[in-house]
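You will see subunit A twice below: alongside subunit B first, and alongside subunit C after that.
== the complex of A and B ==
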C-alpha cells in the first residue's frame, strides 16, 4: 500500500500513479528546480506548522476556562503580540519570494533552441506543427494527437493518457514551444518536463523544454475547456537524436 | 485575606512553548530535508549517473 505513495517510492514513473501524493520524477532541469523550490519552502512550512500547532495545543490545554477562569482578560488589546504575528509572516513571505522569482525568471528564459514546435489546443485534441521542416509537397510537418479511447487500449497503455500520435522530441536538446489555442483557452502541461502554459486563442505563448532522458512523459489539458476537457491528454516522447531524425523523415 | 495577583503565567509558558514548538519543528523539518528531499535527489543523481555510464559503455 505504501508503495503507492511516490514519496516513499521513487520509481521512475512519468505518468501519475493511483493514490500518488508526491511529484512525478523529474526529466528536465526546469522541473528539478520546481521540486527543489517546493521542498525548500516545505522545510519552513514544517517548522511553522509544528510550532503553531504546538503553541495552540498548549494554550488549549493550560488556559481553558476550567483551568484559568480569568483567561478572557487577555482576549483583546494585545497590541504587541498582534504586531509580532503580523510582521513575522510578512517577513517570511518576503524571504520566500526571492528564490521563487529567481526560478520564475530562469524558467522564462529560452536558451538558443534547436527546434521550434507549435502546439495548438483544440476542442478536444492537441495538434503539433514542426515548422522547421517541410514535407515533399512543400507543407510544414503537422499532425493531430487524439486520446486513445478506452475500448481501443492495448496492454501497457494508460487510460485517459495515451494518444495516437505522440509529440516526439530529441533528448538533450533545447526545444522552443509556441503555444496557442484554436477555439477556447486550453493549457499545455507536462509535469515531468516542468511546463504548464496557457493555450490562448489569438495569442502565441512561448516556453522551452529540455528532456534529460529518453522516455514518454504524460500530461493533461489543464484549463477547463468544455465537456471533453478531461479527454485531451498530452504525451511527449523523448528519443535519441538518431531516432528523432528517422521519425521526422517518416512523417 | 488578599491573595497575591497572578501575573506572568502566560508569558512564562509562552517562551517555553515557543522554544519547544520551534525546536520540534526544526527537528521535523531537518528530518524531511535529509530523510526525503536529499534522498530523492540522490536517487535521481544515481539514476542519471547509471544512464551516463551505460551510454559511455555503449559508445565504447
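== the complex of A and C ==
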C-alpha cells in the first residue's frame, strides 16, 4: 500500500509515477539548478510559514475573548510593527531574487552547440528535424513523433508517454533546440532536462540542453493546444555519440 | 560501418552563436542566413565556397517547411525581400 505513494520511493527510473510529489531524477545541469533553487526557496517558505502561523496561533491563544476581554477598538495604527512587516518581506524577496535571476540567465545561455535540432509542434504531435548534415543533394533527417495508443502498448511502455519515434540526442553534447509551432501555440517541456519553452507559430525559439547521462526522458506538451493536447507526449532518448552517429546514419 | 567512418562522414558541427541574435528569438537568425546565402550566390556565384556557410546555417536553423515556402516564393518572384547583392 505504502509503495503506491511515491514519497516512500526514491528511484523513479526517469519516468513520472502516479501520485508523485517530488521531482523526476535530473539528467541535466539545468534541471539540477532548478531543483536547487526550489530547495533554497523552500527554506524561506518554511521560515515564513512558521513565523506567520506562530503569530496567528499566539493571537488566537492569548487574545481570545476569554483571556483578553479588552476590545482594542481604537488601536488601528502602530508605526513600528508596520515598518517591520513591510521591510522584512522586501528583504526576503531581495534575497530570493538573486539566486533566481542567476539561474534564469544561466538557463538562457546557449553554449556553443554541437548540433541543432528543430522541434515543431503540430496538432497533435511533435516533429523533429536534424539538418546539420545536409549535403548539396542530401535530404535532412526529419520525422514525426506520435504517441503510442493504449491498445498498441507493449509491456514496459508508458501509457500516454511513449512515442513511436523518439527524439535521439547524443550525451554530453550541448544541443541547440529551435522550437516552433506549425498551427497553434504548443510548449515543449522535458522536466529531467530542465527545458520548457513555447512553440509559437511564425517564431523560432531557442533553448539549450545537455544530457549528462544516457536514458529516456519524458515530457508533455505544456500549452493547451486543442482536444488532443494531452496526447502529444515528448520522449527524448540520450545515447552515446557513437550510437547517435549510427542512428543518424540509419535514418 | 565502423565508428571511424561515421565520425568522418558526419561532422558534429552546427551554426554557432551569432552576436547579432543573442536572444531566445532566433527567427531573424534563420531569415538573415537564408537571404545572405542567396545574396552571396547572386554576387559570387553558386560555387563560391564561403557562401556555403550561410546555406549550412539556414538549413540548421530554419524549419524545412519555411525553406520550401521561401524557395517557392523566390521561384514565383514573390519573395518579400531583395536578393540583389
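We take it that the second predicted complex is superposed on the first by the 232 of 251 C-alpha atoms of A that agree within 3 Å, B and C clash if a C-alpha of one lies under 4 Å from a C-alpha of the other, contacts with A are read in each partner's own complex, and residues count from 1 in each chain.
As a convention for this text, contacts are C-beta pairs under 8 Å (C-beta built on N, C-alpha and C of every residue); 3 or more make two chains touch, one makes a residue touch a chain.
Because the structure is predicted, anything quoted here is derived from the model rather than measured.
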item	value
Which superposed partner A:202 touches (first subunit B, second subunit C, both, neither)	second
Which superposed partner A:49 touches (first subunit B, second subunit C, both, neither)	first
First, second, both or neither for A:248, with subunit B first and subunit C second	second
First, second, both or neither for A:185, with subunit B first and subunit C second	neither
Touching partner for A:108 - first (subunit B), second (subunit C), both, neither	second
First, second, both or neither for A:129, with subunit B first and subunit C second	second
Which superposed partner A:39 touches (first subunit B, second subunit C, both, neither)	first
Subunit B versus subunit C as contact partner of A:58, first or second or both or neither	first
Residues of subunit A touching subunit C in the complex	108, 110, 112-116, 118, 120, 129, 131-134, 140, 142, 170, 173, 176, 178, 180, 182, 197, 202-207, 241-242, 245-246, 248-249
Residues of subunit A touching subunit B in the complex	7, 10, 12, 25-26, 32, 39, 42-44, 46-55, 58-59, 62-63, 68, 70, 74, 212-213
Touch list for subunit C against partner subunit A, complex	1, 3, 6-7, 9-17, 23-27, 29-30, 56, 59-65
Subunit A partner contacts - residues on subunit B that touch it in the complex	6, 9-10, 13-14, 17-18, 20-22, 24-26, 28-29, 32-33, 36-37, 40, 43-44, 47-48, 51
